[in-house]
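Here come two complexes built around chain A, the first alongside chain B, the second alongside chain C.
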Partner chain A sequence: MSVAPVPSALPESSSDGFARLSRTRFLLSNEFGLILLIAAFALLFAVYTSGFLSVFNLFSLGRNAAVNIMIGLAMMTVIVTGGLNLAVGAIGVCAAMGCGWLLQILGLPWPVAILGGLALGAGLGAVNGWMVVRTGLHSFIITLATMSIFFGVMIFLTRAEAFRDFPEAMTAFGKMRLLTYLSPLLLLTFAVALALAWLYRFTVTGREMLAAGANPAAAELSGIRVGRAIILCHMLSGLLAGIAAMMLVTRNGAAIPSMAGQLGQDWLLPAFLGPVLGGTLLQGGKVSVLGTVLGAFLVTMLSSGLLMLQVGAFWVQTFLGLMLLVAVLLDKARRSWLARRNLA
Partner chain B sequence: MTNLARLSRTDWFGPLLATILAVLLIQSLSANFLSAYNIQILLLAIAVNALVAYSQMIIIAIGQMNLSVGAIGGLAAISFAGAMEVWGLPAPLALTFALLIGLGCGALNGVLIRITGISAFVITLATLSIFKGINLGITEAQPFYGIPEGVKRFGGAVLVGPVPWLLVPTLLVTAILWFTLRRLPVGRFILAVGSNDHAAGLSGISVGRTVIIAHAISGLLAAIAGVLVVARLQIGQPSIGDDWLILSFAAPVIGGAILAGGHVSTTATFLGVVIVAIITQALVLFSIDPFLVQVVLGVLILAAVGLNKLRAGAATGGR
Partner chain C sequence: MDRSPIFEAVGVQKAFPGVLALKGVNISLLPGSIHALLGENGAGKSTLIKIITGVHQPTAGQLRLDGQAATFGSPRDAIARGIGVVHQERNLFPRFSVAENIHLERLAMSYLRPVDYAALNRAARPWLEALDLDIDPATPVSELSVARMQLVEIAKALSLQSRVLLLDEPTASLTSSETDRLFTILRRLRDDGTSLVFVSHKLEEVQEICDRVTVLRDGANACESRSMEGVDRKQLVQMMIGRSEGAGAWRHRDRRDQPEVLDLAGVDTALGHRDVSLTVRKGEIVGLYGLVGAGRTELAKAIMGQFAVTGGEVRVNGAPVKIRSVAEAIHRHRMGYISEDRKSEGLILQHSVLANAGVPIWRRLAQAMGSLTDGRVRKVASPFLTKLEVKTPSLAQSVGNLSGGNQQKISVAKWLAANVGFLIVDEPSVGIDIKTKAYLHDLLRELADNGTAILLISSEMPEMIALADRIMVMDEYRIRGEVTNSGVYAEISHRIMDRIHDAPQPAA
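Coming up: the complex of A and B.
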């Protein structure tokens, strides 16, 4: 199992001094529950399916998990502010198509094209953030509108045609295997997750983002520029969505306008599953990078395992929806149990 | 002058003005716009889209959102078509079955939101994927083709001139919905819960029941829309409802609905649907790229929420 020890970014865990209490807390935490679930399901799939632990399956599992975790992190950075970003999929596809355009039409070298695509993603995210701050409207309606606009403009400009001429160097990265089963994409994802954990735990900018999400009025009064923090969060979300899309491009060897479904809607479920399973509060102000990584990993593993159990590809979506439902119910039960015992 | 000021404060006045201006403008640029054929196409689009918009509107009224509108519509549509093809049910029975499915799905949303207290966004995102998954699991993404002749005839029939029969259910629903929200206790309860659920609860309204009823109505309306699409397309497509999400928010918001709840208007939402249909049609008529429809919808949503905010600011003396 390739779950790296990413440090938890729970704000309260940094402030306790009692080892025993913090250990009890960890055992009761969402993250520990997720690790148990991952272990249990991995065992189940390993026993009941043939080939779940095969080198090929572990490799493709890691590759899919890398993308899903990145999508979850892209949503997480906005959930931190108490908002949503429905446009993650649309921004991702725009970034991928932008990269393809720079490569194929302008003939730029691939590192420049990738940077250009990522910059486009971050830029579109910044547009979202700027509009949310300037209008004071909820990010739900703003990103609902921009998801339609971004995707529509992208389809209009590309004539819905894919870019397929990607250089060897990029596609080779998507196919590369380290130690026979590990995809470098997964390592890239872990690096990004570590950077995010560091951002939220140790940097002023990260703490300001959390404060702006927890209580904007109080944050403003303590001298934090809330508007700037929110724009930064949306920018980060756009950037991460762009990275997720680039990973898909290196994997598929093509930038396809429909790679995230109609308007990028296919990314919405994985985007919310990771953070919500991982215990990131939708009201904002609290974040768990480790939880998001574990949550997204669990989802990827379950979809892959269910397919191998021959559940039928069409039913997997139903199971994922049911899982989101069960997860939020369990989390609610856990919280109220903790509240009764004064542990949280 | 005071009359005009009062008119400008109602929800339907702005959209109506925009509709008339749009019709005049497009007609002056293209004589084909008001041809009988074009009007029929417009009305067909309006018949389905209005129900989709109402389905979201009733949830906006209680201050929540329903992402699963399209998934419920799609599930009802394939239940309708599947019941007729596979079970050989007569059309009225299949219709009842499909509407019950829609009602049940909506009520399930409401019950889950109520008993868990989790935000409607997360619950309906989960049920969106559950309903869509059941749809794909049953159909395996293959359409049902065995639609009886009677249903097909209803889908293509015209009432008078360019007015299609499909518009009749929509107009009936519009009238019933308008009457419910204006005059019936349950409609007033829905709006009261939307503006302030705590106050509504204290004044003796059962908030939980109202939320569940609103979601059940939403599911029912989505199901009617799904069935109408089956009648129009003459096949039970599993992909029905996939592209309803943006539209379902656009029309109520253009009609001045406040997303925080408690304030919606049936007539203005209907006009919102008309505006969207006219603009979509104009893009086709002037052979502007159909891909741009999505962009226009997005811009319309942004413009409408911006205007609503300005209007709300003006009404409360500027905030």
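Coming up: the complex of A and C.
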């Protein structure tokens, strides 16, 4: 038998119901668990390291978190469709190099160059999406291929040489500190996260993306243009990867082909850690922007704190991997606990 | 004949968090008998089946096998004790062969020894023969028809030496001739001494084949393992729903003077339909009858723009149109399609009631920059959810957690909210109970009376005759003829079958 907590007809004051339900749910949610973890680790690092709460460390922590969160969001927008985007790093580097080329070779003003770089990122994402829709293959295959293709073409065109002549205006932004410790990059990331939350919660396009991700057949028969929604998701992913890359460029003052490692693979771990820790379903159809932000922040904080505890860099990687496993198992346990009590 | 029961459940209770699904239920199964298990959705049938087959353990009460108390810790236990089940959902592996599926439980007896396929196929053959199934055991299951898959599942259950065999809605996806064959086989199994439990919503079938009956209502016995002798349909319904069946019969309506909403003239499709012509007028219910595989659902999807129309002409409200996508059909031409397969095509199970009910109207309700709040959707959709008496704790509940009947109501409500002018309804009463079904029928009539043009696809002849004004008969992707409904079952069913048999029949 499929459930039947035999209720009456529809509760009239459903808006009240929503509010009360969501408050209880928040305390039981993944996001709340992440907040607790962040608080606990922050306390731990503050007590056991010197300098974790120093102005300099908070600034660099925020700046790193800004980039990692953005990378996580870039992956999240594709996970929504039940797919993934292995080419986030490659697209990011291409966007950065494109921006450098527009600036240095064509001599365009920097705002135009940045927009050009972002457009390139979005365009490459759209190419991914278009191929996924047209071939019907899983995005894993498509983006595995395009990761190498995008990166290879970029190396060929740039001859693997970095662009380093970025104007003062751009690099100053990366170094700017508000209230002595806050990076404007972090504020930019929060603004983007808010925009995404609004997209999924309060726009038709966002709802259609979620519906298309959860059940493409049902979505199509309900009048959603599923192919278009999926292409949009990939395009958004490319755009966000581009933004993350631009943030790195302003921080480093250069666009370097190896800024995300070989084929952009260095971005993959942070890209998956954020959404998965944050409770975005890998099957697609459910998304938590707040969770992704918190998850990516937690990861950034852990790496920084563990390094300050003088744990070796390799152990940090190991610890992050363990963290991912434990978090996912805990979340699974939480879900089945909730399901047994008919709360979710 | 003095027969003692093979299996008994005595005072079985089952509590789930927050619900008492079974409140002390009794059932006793005799050898050589076909026992009907009836009840509306949510009455506790599935829970009882899961307890009998070891999926759930009872909270209180006792199971007895041959008079001895028995506990089944897992489905494997139950199978080992001779209790087999054929579930409503297919449980076969499509890419595996028939023989592999039949022997799945015993396939990997040792980890490294290779599977002896020849022996496997040999061992499978007698079970297939017992069911008159003339198929090579090495055939992949995915190549079989739905009816044959059903029989393979039965063969699998039998091969496990089942003395008690539970069949959960075995006829739901079978045509009437396939059902007849299944019944012949079930009767033979009965005569060989197997105790069969038959779960179905189709009372005609229950009356035809069952000799004993247990009815559940609200988790308790409405009647307990009594003989079917002298029990008529009215009594069964009374026991199931606690009152008599609503009348809601067919009534004559003539819509010939109404404007044509949908008109197909000699339409060919990419799926293989040839020269299909049919018209649905404003306020008219046109039935599209045919056997499973006749191409009805496929035609519906081609009309909706999911598959290409390659010839002929489609006219909507008199104007010739080319519909290139489902989105276009819904948003531009105000057409809707209620899928027969609500779980995979009708609803998004993991999303909320409100999100499901609102999908077709999102675009219409959107404000500046495509923004849309839940409040706006709720204002339009919730009156229809209320009207259809959808039972849910809240609009935020995941649809997957609701009962089948409620899910079906939501998939209907979503098109009511969309206010379409033309609606295709594909097998509306699959897996829903009598009360909900009668309600749906009333609703479809009411919709038509208010001017919606409806194309009704159904394999259930009584449903077709209760609802349709005219019935188009389809076979092998062609229209074989048209029957004007008079509401007289014997006459119309006869005329419909004539239309199908006029055409050269392929071997069933």
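Couple of notes before you dig in:
Here, the second predicted complex is superposed on the first by the 324 of 344 C-alpha atoms of A that agree within 3 Å, B and C clash if a C-alpha of one lies under 4 Å from a C-alpha of the other, contacts with A are read in each partner's own complex, and residues count from 1 in each chain.
Heads up, the rule we're going with is that a residue touches a chain if its C-beta (ideal position, glycine included) is under 8 Å from a C-beta of that chain, and two chains touch if they have at least 3 such contacts.
A quick note: this is a predicted structure, and the numbers were derived from the prediction, not measured.
In the superposed model, A:Met247 makes contact with neither chain B nor chain C.
Look at A:Phe314: by the touch rule set out above, it reaches chain B but stays clear of chain C. Of the two partner chains, chain C is the only one touched by A:Leu210; chain B is not. In the superposed model, A:Ala255 lies in contact with neither chain B nor chain C. By the touch criterion defined above, A:Leu322 reaches chain B but does not reach chain C.
Contacts of A:Phe272 after superposition on the shared chain: chain B is touched, whereas chain C is not. Judged by the document's definition of touching, no chain A residue lies at the interface with chain B and also at the interface with chain C.
Remark: chain B residues 65, 112, 116-119, 121-123, 125-134, 136-137, 140-141, 242-243, 245-246, 249, 253, 259, 289, 291-299, 301-302, 305-306, 309 touch chain A in the complex.
Looking at the complex, you find that chain A touches chain C at residues 1-11, 14-15, 17-18, 21, 198, 202-205, 207-208, 210-211, 214-215, 217-225, 281, 285-286, 340-342, 344. Interface residues of chain C facing chain A in the complex, by the touch rule stated above, are 16-19, 21, 42, 44-47, 50, 304, 306, 325-327, 329-331, 337, 339, 344-351, 355, 359-360, 362-363, 366, 369-375, 378, 382, 385-386, 389-396, 398, 401-404, 414. Every residue of chain A that touches chain B in the complex is listed here, in rising order: 84, 131, 135-138, 140-142, 144-149, 151-153, 155-156, 159-160, 262-263, 265, 268-269, 272, 276, 282, 312, 314-322, 324-325, 328-329, 332.
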